[in-house]
Amino acid sequence: MHYTLHFGQVTPEIPYLLWGALISLELSVMAFAGGMVIGMVGAIMRLRGGRWLSRLARWYVTFFTNTPQLVQIYFIFFALPEVGILLDPFPAVLLGMTLNAGGYLTEILRAGLASVHQQELDAAETLGMSHLQTLRYVILPHIFKVVMPAMTNQYILMTLGTSMAAIFGVEELTGRAFNINSTTFRSIEIFLLTGGIYVLVTLAATSLLALVGRYAFRARVRIL
Amino acid sequence: MSFLDIHDLGARYGSLRVLDGIDLSVEQGEVVSLIGPSGSGKSTLLKVITGLMKPDRGRVTLAGAAVDYSNRKSLKAARDRLAIVFQQYNLFGNMTVLRNVTVAPTTIKKRNRRQVEEKARELLDRVGLGDKLHVYPDQLSGGQQQRVAIARALCLEPEILLLDEVTSALDPERVSEVLDTIRLLAKDNIAMLIVSHEMSFVRDVSHRIAFMADGRVQEIGSPEQIFDNPQTDRTRDFVGRISRVGH
Amino acid sequence: MSPDFLSDLPKLFTFYNILLWGEAALTTLLLSAVGCIIGMIVGFVLAIARQSRRRALIPARILSGLFVEIVRRVPFLITLMLFFFGAQVLGFDLAPLTIALIATSVISTAFVSEIIRGGLETLKPAQLEAAAVMNFTPLQTLRLVSIPQALPIVIPPIFGYFVLFIKDTALASQVGVLELTQAGKIMTTKGHSAFLVYAVVLALYFIVSYPLARLGGYLENRLVLSRHS
């Protein structure tokens, strides 16, 4: 078996791929932000929502964490048009990823919120802190310390998950790799290179999030 | 030559020199105790003897053969002759009491399984745990675990037994049961090197006592010499302080 | 829901279609299970290589560390495509299922090896010292002490990973493996309502995943409580 890697045909495409990576990044950041909104609402519903709201949030989590994100997006992209909801690839993928992330982030944030103990709040009160100060200096740092590792992990998984967008024709990093693959047939080189870009992107993301955690919330996150 | 002979032994943790020229010997069947302030390097000495830590100078001779700690064969031969009981019992959590005692003799030393098991039962009987053979370590009290650890060490049939503060992790009421076990063994003809803070026990059980400080043996002698007539100021200081605290 | 959806429902579950769904669900489980079993075996070796402090094993340690860290940072889809097109370029004539099995094994090896490494790290060094002093060889220590102690710790998270991974294997549909998602695609090309088909696919994944997820939660509680038996 002899095969020589030839990156010559592929290297000129690196800028094209990197612009694609930017679209992946956009997708992951937007979906993560949306997922955080769902997650916060969901976590509060789980903990303070009373019987039915809390149940509703639990069902949401159970459904989205027990079915594949890919099929959720299939449903949005191929099934919803039958009931008159027609979405372009990018918004369809974004919606699917957001709803999916909402499920996982609800669980992560719920665990974070649940870990705030009454004693700490009492302690803050005896120190004479206002409600806002308590939130800023006690509750939020505490929650973020607890959830930072899981959130970082979730964000990395989502960054990798954006590659599914290629299946629906979004020309992000993986979509562009598919494009190059179908014109040059240097498959091994292309997918090695693309994989390498994902490694770098996720490494950068972890390091950045670790720095944010360390300086903003004094939380420690393992980079590797 | 003595059974265990240590000459000018040195060891350090990074830049911290812990052993600084240890000279010590233990004869066949002799019980020698090591006493000294916390941090004086007693545990480290046992670690070096057993090859868990490399010395950076000096020489250890066991049964007439110099131990080369960077040579696997030589280390293996030395470890075949000794057994150690740690401060924190270190029983294997995934094995029953009986298996803890028999695993090394049967699997490692390849002795006859039936004979080993018989011996293990007898030893466990002697340490008062004949009814706990099939129990796991975390279902035992600290004192019971420590007695299993002693039985495990003895089942190896070592020529020398090293004991590192075997009672310090125990409740006061457990201490005597473990010490009694050791006292019983001390009558058998086995060499022992004992690290302990239990002065009355040490005095009672040892043939000789070595006082260690600053990584050296400062004084070695009979229990009477060390406790009643110490030859150096440091020993007198230490023994005086210890007995005032009421040990 | 409009009435034509409902009239289509029985046609989705003709005898042959039920066979197809069943086979697809089994393939979905198979992909995840084989991935995790191979992942456990190879993952153990890699985790041990990463733990080793022996000088002779330094290259193995670095390589397995790189493997684990890199594979976990590449999307499943890319790994799958690398193997799919790689096999073509190199002239291997492999069935899609084989390719998918290789890809899932590689990926789960990386993840499971990381779980196992975490499990081995929880072992107390004192246990290993006790073994060393009693002249256990490194292999004997592994067989008699490390593995038996690490197994109950790592089984629940590995099982949890297996359940998570069931959903990831949906991507195998992209190389034409007939698992649940691909079965859905086939049904829609046969003219069934996409709404109905994908609702069924979602439901089937849920039926496979949910009980296993519950079992995983149960295992976690139980194994932590009683470590032997």
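In this document, chain identifiers A, B and C correspond to the written order of the chains, with residue numbering beginning at 1 in each.
To be clear about the criterion, a residue touches a chain if its C-beta (ideal position, glycine included) is under 8 Å from a C-beta of that chain, and two chains touch if they have at least 3 such contacts.
Note that this is a predicted model, so its numbers are computed, not measured.
Colleague: If you connect every pair of chains that touch, what shape comes out? Choose line, ring, star, complete or other.
Modeller: Its topology is that of a line.
Colleague: So which chain is farthest from chain C, going by the mean of the CA atoms in each chain?
Modeller: Following the centroid criterion, the farthest chain would be B.
Colleague: Sort out for me whether B-C or A-C is joined by the greater number of C-beta contact pairs.
Modeller: A-C
Colleague: When you average C-alpha coordinates per chain, which one falls nearest the overall C-alpha average? Tell me, please.
Modeller: C
Colleague: Could you state the distance in Å from the CA-based centre of chain A to that of chain B?
Modeller: About 56 Å, centre to centre.
Colleague: When the C-alpha atoms of chain A and chain C are each averaged to a single point, how far apart are the two points in Å?
Modeller: Centre-to-centre distance between chain A and chain C: 21 Å.
Colleague: Between chain B and chain C, what's the gap in Å when you average each chain's C-alpha atoms?
Modeller: 48
Colleague: In chain B, what residues contact two or more other chains?
Modeller: There are none in chain B.
Colleague: Which positions of chain A touch chain C when the two form their complex?
Modeller: Touching chain C from chain A are residues 1, 3, 62-63, 65-72, 74-75, 78-83, 156, 160-164, 166-167, 174, 177-178, 181, 185, 187-188, 191-192, 194-195, 198-199, 202-203, 224.
Colleague: What part of chain C is in contact with chain B in the complex they form?
Modeller: Where chain C meets chain B, its residues are 126-127, 129-136, 140, 144-145, 148-149, 227-228.
Colleague: Within their complex, state which residues of chain C touch chain A.
Modeller: My answer: residues 2, 5, 69-70, 73-79, 81-82, 85-86, 88-91, 167-168, 170-171, 173-174, 180-181, 184, 188, 193-199, 201-202, 205-206, 209-210, 213.
Colleague: Once bound in the complex, which stretches of chain B touch chain C?
Modeller: Within the complex, chain B touches chain C at residues 50-52, 76, 79-80, 82-84, 86, 88, 90-95, 103-104, 107-109, 136, 138, 156.
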